[in-house]
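Chain lettering (A, B, C, D, E and F) follows the sequence in which the chains are written, and residue indices restart at 1 in each chain.
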Amino acid sequence: MDFGHREEHTDDQMLIVQANIDDMNPEWTSFITDKLFAEGANDVYWIPIIMKKGRPGLMLNVLVEETRLAAMEAVIFSETTTLGLRYVHASCHRLAREFVTVLTRWGPLTVKVGYHQGKLVQMAPEFKECEQIALTHQVPLKQVYEEVRSKFKEAT
Amino acid sequence: MDFGHREEHTDDQMLIVQANIDDMNPEWTSFITDKLFAEGANDVYWIPIIMKKGRPGLMLNVLVEETRLAAMEAVIFSETTTLGLRYVHASCHRLAREFVTVLTRWGPLTVKVGYHQGKLVQMAPEFKECEQIALTHQVPLKQVYEEVRSKFKEAT
Amino acid sequence: MDFGHREEHTDDQMLIVQANIDDMNPEWTSFITDKLFAEGANDVYWIPIIMKKGRPGLMLNVLVEETRLAAMEAVIFSETTTLGLRYVHASCHRLAREFVTVLTRWGPLTVKVGYHQGKLVQMAPEFKECEQIALTHQVPLKQVYEEVRSKFKEAT
Amino acid sequence: MDFGHREEHTDDQMLIVQANIDDMNPEWTSFITDKLFAEGANDVYWIPIIMKKGRPGLMLNVLVEETRLAAMEAVIFSETTTLGLRYVHASCHRLAREFVTVLTRWGPLTVKVGYHQGKLVQMAPEFKECEQIALTHQVPLKQVYEEVRSKFKEAT
Amino acid sequence: MDFGHREEHTDDQMLIVQANIDDMNPEWTSFITDKLFAEGANDVYWIPIIMKKGRPGLMLNVLVEETRLAAMEAVIFSETTTLGLRYVHASCHRLAREFVTVLTRWGPLTVKVGYHQGKLVQMAPEFKECEQIALTHQVPLKQVYEEVRSKFKEAT
Amino acid sequence: MDFGHREEHTDDQMLIVQANIDDMNPEWTSFITDKLFAEGANDVYWIPIIMKKGRPGLMLNVLVEETRLAAMEAVIFSETTTLGLRYVHASCHRLAREFVTVLTRWGPLTVKVGYHQGKLVQMAPEFKECEQIALTHQVPLKQVYEEVRSKFKEAT
């Protein structure tokens, strides 16, 4: 197996940065998400909300280290239409992770696994690899996932 | 009591007109809703959806008589950003409705009631009137509703 | 294997019945759902929508045979607060289904499978049984699912 | 009346624990909710969100005392598919609550009431009891609520 | 140009106040929003959530200065049906703002602009003014926006 | 200008195909969307819904010509986890469309325009091109859109 090195840990120096947006072209969301990740965001997600005057808006959420706040603000103010943002301090608890290779009928495929207090609790086939197999071999994506999960289960 | 005249009926000549919109300023939704009602829409509502490329969009829905289709299209094409719309045929079953007056501590207030096969099944205080009472008398809106509902119950 | 008897088929005599509701206590939704199923609904689901004046409402949807319309209307008008409803004609394509038993470390468990044109395309562990095993044996529910899926895969 | 004992108070030792999940079977949500409540969660709720690559995900939220964090983490990591979670510190302001009995045509029923600074501001019929009456007596649930609210209003 | 006076700044004394509500008439949301703004809220928004027993609820969110907490609580407890609320501390970063006038074919119209570190990053036509022009001159609202944006671009 | 050839028209031979899904890995949605488009879908979108037992599910929607129904069913049954689907007949009204080139500071860029009854009602910068310019020239995406819209306005 191909063991990774990250240890389970809690990071207390995180921020959740939020902006409510009701006057922006929603086409831009994926571009903004990509840019925030490129500038160091740990996670980016959007929540449908109902704003002033019953307007259907979107709340942008960015999970990021405190030290990267200015970089996030630069992206948010230049790429979205918001006139302000807010943030709250947060702690992130991350499992120890490693990448494991399993042998399937289509060759070796990667599984990301997670450990909580030394115990394996998560296993997730790598989406991009599975998608590629499904496209190349013309098989249902769910069948690829099923095979990967089953082979992982046999091996552990 | 002040009985209205509408009979319970089913109208089979209705359309549900829909447009998926992912590139429009959401500020415009209330204006568009108002304009569609002004042109004869029976109902207008918006549904948050996820469109191509994972974009958070809005589906505009208009319930309208078949004969008013062109008027709805005129509004939708001139006021939204869509390049197309779709519609399905629908039937509407509407209860017999009447407006009833109940006497509350703040004076007479209106209740809209609905009958299914001659039986009273719905009663709804008029929002605008209750809101006005709450503002004028500085009482919680929910207290106004409670009073109206209770007085209606006593009277029937 | 324990083969069921339902054949894949399309039913063209179905209705989708809808009501937009913006003035009802949401606590009642599960009760209403249960009652509609008890009266013959094939499916019941709720969609968050934005209604007139920007109000956050719920659209009740009932999938049902045309012959059961009156029974659905009776429930909808007596249990919800709506003054009207609408319906569109729909066709339902249902896969051939059967229940298969697989042997797991916790004993036999049921899998519901689906066939499209004679080919097995779906397999779903029965939620209620898996939940019971998770509770009784104090194991994660996802582990029960994993085991059932894996055993099914081995057997086919 | 049957007065309860809880006093209005603010608890500053609370956490909101969150995990964004885009690769889990949604069938498991109710089981996970139940388990978190069983382990001491004060509240559990799910928010539809849009995650990386435009994926429709769910954000699990758990409101819980700081001292119960480890128990929540144990459930979240063993039952969901997440590789991490985050939490923010929160304060909870809870009203004084008591249970009051009102006499209805179907016998005594319970109302949960809430006091803010000594003033009665909330009253909520107990859902489970009302649902039971609706099922037993074959009356609309909304009629049961209406009766309970009306009787409570008369008594106060 | 008509320069405003607000400077870009970060306010660390803010609260996000939240209440999950599953038993309230959604008609009341706009009234509650208005009242919270009138009592000093900086922002008010609602998020559709899924609560205990799978109930579709609404999470009320109020962004407000710490010193206005009691006023928000008074509104929330008297106008909604909640028995409790929670809040987290937040910082708000607000851009420097000013109102600029541009000359359009329909006369002068206002644009709200925002500056981040002295650089113009936002420009937003005033909705109310544009809506009025659209109504008065019977032109599409999007055309009014387009004209205002274009004239602003020419002038800068 | 580079005029396209499509005429405004209404197509009455369309279907809206729907499947409610509450037991599928949401990671698969983009793959399924892509596959449906590849097989001839005119549009694909997902709606967050609340299903039986309060489960947060997703409703898959496919807008497609009646003649492509079997191809859509093949994808839906092989790639999702549903045991059934439904469809309703729909009409699609599509504007006349053409692609117009405008000259910007970054070179020529494409605008998609739409005509309703011979009148230009829509203009939309091509997202992919604008995104590429924003990435290549390191300018905000919204600035690219603003420039394209402004240049188009000048030219017409």
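Quick note on the criterion: contacts are C-beta pairs under 8 Å (C-beta built on N, C-alpha and C of every residue); 3 or more make two chains touch, one makes a residue touch a chain.
Note that the structure is a prediction, hence the values are computed from the model and not measured.
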Message: Considering only chains that satisfy the touch condition with chain B, which of them also satisfy it with chain D?
response: A, C, E, F
- line: Sorted by label, the chains bordering both chain E and chain F are A, B, C, D
Message: Counting contact pairs by residue number and requiring over half to coincide, which of C-E, E-F or A-B is equivalent to B-D?
response: E-F
- request: Report the inter-chain centroid distance for chain A and chain F in whole angstrom, where each centroid is the mean of the CA atoms.
  value: 25
Message: Averaging over Cα atoms per chain, report the distance between chain A and chain E in Å.
response: 29
- prompt: Which residues does chain D have that touch at least 2 chains other than itself?
  reply: 23-25, 27, 29-30, 46-48, 50, 53-57, 78, 81, 88-89, 140
Message: Help me check something: in the complex, which residues belonging to chain D touch chain A?
response: 20, 23, 47-52, 54, 57, 59, 73-74, 77-78, 81-89
Field: chain A to chain C touching residues, read off their complex
entry: 50, 53-56, 146, 149-150, 153-154
- prompt: Of all residues in chain A, which touch chain D in the complex?
  reply: 14, 16, 29-30, 33, 37, 43-48, 61, 63, 88-95, 97, 112, 114, 116, 121-122, 124
Message: Which stretch or stretches of chain A touch chain B in the complex?
response: 22-27, 29-30, 46, 48, 53-58
- request: Would you mind writing out the residues of chain B in touch with chain E in their complex?
  value: 24-25, 27-28, 31-32, 78-81, 127, 131, 134, 140-142, 145
